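We call the chains A, B, C and D, going by the order they appear; numbering starts again at 1 in every chain.
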Amino acid sequence: MQFRLRCELQYDIATPTTVILNVEAQRGGRQSILGEAFTVEPQVQSEEYEVPETGNRYRRMLLQPGRYSVWYTAEIESTPTTRSIGSIPQVPIVELPFDVMNHLYPSRYCQSDKLARFAWRQFGEIGDGYEKVTAICNWIYENVDYLEGSSDSSTSAYDTFTLRAGVCRDFAHLGITFARALGIPARFVSAYALDLVPQDFHAVFEAYLGGQWYLFDATRLCPLEGILKIAVGRDAADSAFLTFFGQLSGPPKLIRVERLNTSQTTQWTTEPVSLSAI
Amino acid sequence: MQFRLRCELQYDIATPTTVILNVEAQRGGRQSILGEAFTVEPQVQSEEYEVPETGNRYRRMLLQPGRYSVWYTAEIESTPTTRSIGSIPQVPIVELPFDVMNHLYPSRYCQSDKLARFAWRQFGEIGDGYEKVTAICNWIYENVDYLEGSSDSSTSAYDTFTLRAGVCRDFAHLGITFARALGIPARFVSAYALDLVPQDFHAVFEAYLGGQWYLFDATRLCPLEGILKIAVGRDAADSAFLTFFGQLSGPPKLIRVERLNTSQTTQWTTEPVSLSAI
Amino acid sequence: MQFRLRCELQYDIATPTTVILNVEAQRGGRQSILGEAFTVEPQVQSEEYEVPETGNRYRRMLLQPGRYSVWYTAEIESTPTTRSIGSIPQVPIVELPFDVMNHLYPSRYCQSDKLARFAWRQFGEIGDGYEKVTAICNWIYENVDYLEGSSDSSTSAYDTFTLRAGVCRDFAHLGITFARALGIPARFVSAYALDLVPQDFHAVFEAYLGGQWYLFDATRLCPLEGILKIAVGRDAADSAFLTFFGQLSGPPKLIRVERLNTSQTTQWTTEPVSLSAI
Amino acid sequence: MQFRLRCELQYDIATPTTVILNVEAQRGGRQSILGEAFTVEPQVQSEEYEVPETGNRYRRMLLQPGRYSVWYTAEIESTPTTRSIGSIPQVPIVELPFDVMNHLYPSRYCQSDKLARFAWRQFGEIGDGYEKVTAICNWIYENVDYLEGSSDSSTSAYDTFTLRAGVCRDFAHLGITFARALGIPARFVSAYALDLVPQDFHAVFEAYLGGQWYLFDATRLCPLEGILKIAVGRDAADSAFLTFFGQLSGPPKLIRVERLNTSQTTQWTTEPVSLSAI
């Protein structure tokens, strides 16, 4: 499937400010960039860095006071793999690749140590692997209200579990937290997403099952095949689309994600979806 | 300087349990292993992994029910570099190596986002680089009571800041938190330490200054040259000496760290100390 | 029913310390003191105060350094009323006595504001009045592990809800929190309790229903008719059996509660129980 | 001094909602009502209750769906007492009136148990009584930013201490917390206040010293003699100007407080001010 996406940001800078943007789509795994453009106006020098281990792409620049506009546009081919449910077991911890184990530990927004007792009581006996993580997502969908404005940048899974309201980022954090508590590596995914209303950046998560990372979205807001990965990380703390050091303000971002070459209506899958290379 | 260290652990395993030990000293940077032995009795198969990026050394094994004894002994040559104060500036964020930037983000035990306002008020105007991080350590030493039993494995810097009591791990978390809040990359260091009373694992932290990682210990419990690094990480969540999945109990660990070939009393330095390669 | 109870406390005082004890049983409502004695050795002057609104009985004394023993013994007649379930509705807020309304507000250990969304989702549709509070107690019993040592004096209902473990005090706090969130006044009750193993002070709660305070115990550890009230309050913050200002230590307290004149085995009720006057 | 005050509220009610208003000024102590009017339009039946122990005045009504306007206007004579500093000592706990002791305990927004170590370290050695509470207020003023929008209705003193930003209610909660931690009874005061910009309800606190309640305002936003008490309580949880059970929305409230009969500029006192009866 092919997608066209567009992201427009505008910033007013009051003092010299270092800005790190992470809005460019990943180009590894099952996601290829057909074409893309990243523009800042007025023009500034920027430094690019693609993390070898994750594929995250950072753009760093030092902005002097003034108003800046940033555009990122891309055409992307995504060829997610799908597999039939039931065949994707949890990997015993003793067999996990060592570089995946980092995703078992609690992190800033995912205090899996604190929610372990609940996770075992609620999900300990339910299925295995993909089925268990699906049960986690169902529980979140049924027990947490999706409510704009109910959380902020300091809200963690611990809070969301108690307050029972949040947005996509909070849903992802809670899913990651339960998975880790049960011994399943899980990581945060920031993404562009088809059919998200209103259009915005999206946050979902991946769990490592059967030797591969699979996508999960407890919000049920868009089809998994329409997820275009920007960054992966332990949680939103290290996967933000914008990090800045200085002073910055601006109007809301504008995001647009469209599908290309679609003559017929697609039947979206309900089967496991992965964007991993293999 | 040469050291001999010994670590004895004993575990009673009730159900099949995956154990990951991270007790072996690092062998990169300015720390060389002259000799070492890692023994488990009864003998079990174990898998070793040394993380390329950090030098952390993991030992993973699946233990069947029973009683196990673990010994790790090593002779280590440490040649820390020292430098004169004042010459070590904070690196502007726009010039930081990208792989160091991860250590600017808040983590499970180091909510630098929540303590930013305090950090800027308290330390914003104090010196630069090494001087600023030293001011952080002094503040912690003067404002937090070192008190065994005052914290547990869920205690974070946010709690320690309010409760004003903690142990070495809490002191390190608070130092890391303030440094990150001020734009200085900082990471957790688990270590063996000379002259620690009572002898135990120790926790300190490193801050990235002037292009290198420098050691800091807000507890003032032992000389910086007597620190022998085991693991580095974002915080104690990913740098534990023991992680297990299953059921495990046991008597207290026994640690012993001695200095070798010491005919004269050493004058410990008060200058910046680094164990980094360059 | 008649009970004999005995409470032995021993304190070592290091500096002049003001001690407020609240161990004497209430003597209002459906609880009469047949005889009692309160002794401190060595003898000290103490001041008594019985709160008109609650019946709580305080004993305040200034202790000079030394070792003190405190005994409280009493014979008590308790004549709780029982009523058949289903007939006890929630009182509309507009009809609540004003002096009961204080027990609708969140307090130190009962953050009913933070758990309101969950409470309404979980219990909003279940029954009315007594039935609803019973559903709350059942949920706590089924979802929280009773585990000595899993909480401390700073643990609140917010923590217990997430950690899913606690002791009697935590069970009471969580019950109070849910009830208040649903508009039902609820208060903390510290008590002596028959058949509690091991014998100790107990904590339960009362909810205001149908114009009267009814007892609830989510721990299911002892019969409601065996509850002998010491103090009521918003939560454990203002209902402690011991409050002191200074330095105090001592061995564990000894509590003993026995039933008198019992020739036959009692069939404990499962019906609503109240110790209120009317 | 005489004041005229006016409070206008407007509410849109969607479902039958019980509303409890606490906007009428206290009429005991050193505050007399010269004239007042409370009006709701359209007219509804309301029930009044003045708490004997505190003087708080509640107005309770059941509102059916619709739009309501509420006006409260009053002319008030306030004759606060002032005393010279230094003569107001802390009351030893063993001598406190028992009905004041409730204000020593931690409450929903004032976790004095958690901030005790800091309070003793910071204020333990500073002065006595009034001087100590003044030091608390100075510390808050100097260390916490007054920042609209930095807190919400769930923000407690524990949060404010760490985040270092808040509004009047948070400043009052922090002052109460430190005072209680040091053994000084303290309570929350909601008030009308002269010269507050923008005009709004205000929150300050009272500490019990030398046998009387004294006013403190760590925000320094208005003169203490211009404080007109509405309610006192343990904290904002039981002293809100509005509590409702149901659904309610509406535009911002309008408050106006003016001084009457003022021909000359007043020199506001910096001395202790009390509105207590004696």
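The rule we apply is simple: contacts are C-beta pairs under 8 Å (C-beta built on N, C-alpha and C of every residue); 3 or more make two chains touch, one makes a residue touch a chain.
For clarity, every value in this text was computed on a predicted model and none was experimentally measured.
Chemist: Chains in contact with chain A and with chain D: which ones?
Modeler: Where chain A and chain D share a partner, that partner set is B, C.
Chemist: Rounded to the nearest 5 degrees, what angle rotates chain B onto chain C on CA?
Modeler: With C-alpha atoms aligned, the rotation comes to 180 degrees.
Chemist: For chain B and chain C, let me know how many angstrom lie between their CA-based centres, rounded off.
Modeler: Computed from C-alpha means, the inter-chain centre distance equals 45 Å.
Chemist: Could you work out how far the Cα centre of chain A sits from that of chain C, in whole Å?
Modeler: Chain centroid spacing, chain A to chain C, equals 47 Å.
Chemist: I'd like the Å distance between the centres of chain A and chain B, where a centre is the mean of that chain's Cα atoms.
Modeler: 31
Chemist: At least two partner chains per residue is the criterion; list those residues in chain D.
Modeler: Within chain D, the residues that touch at least two other chains are 114.
Chemist: Answer with line, ring, star, complete or other to describe the graph linking chains that touch.
Modeler: Basically the chains close up into a ring.
Chemist: If we use the touch criterion from the header, which chain pairs count as touching?
Modeler: A-B, A-C, B-D, C-D
Chemist: Looking at the complex, which residues from chain C come into contact with chain A?
Modeler: 114-115, 117-118, 121, 143, 145, 158, 161-165
Chemist: Inside the complex, what are the residues of chain B that reach chain A?
Modeler: Touching chain A: residues 18, 20, 47, 49, 51, 58, 60-62, 92-94, 98-99, 101-102, 105-108, 110-111, 113-114, 153-154, 183, 234, 237-238, 245 of chain B.
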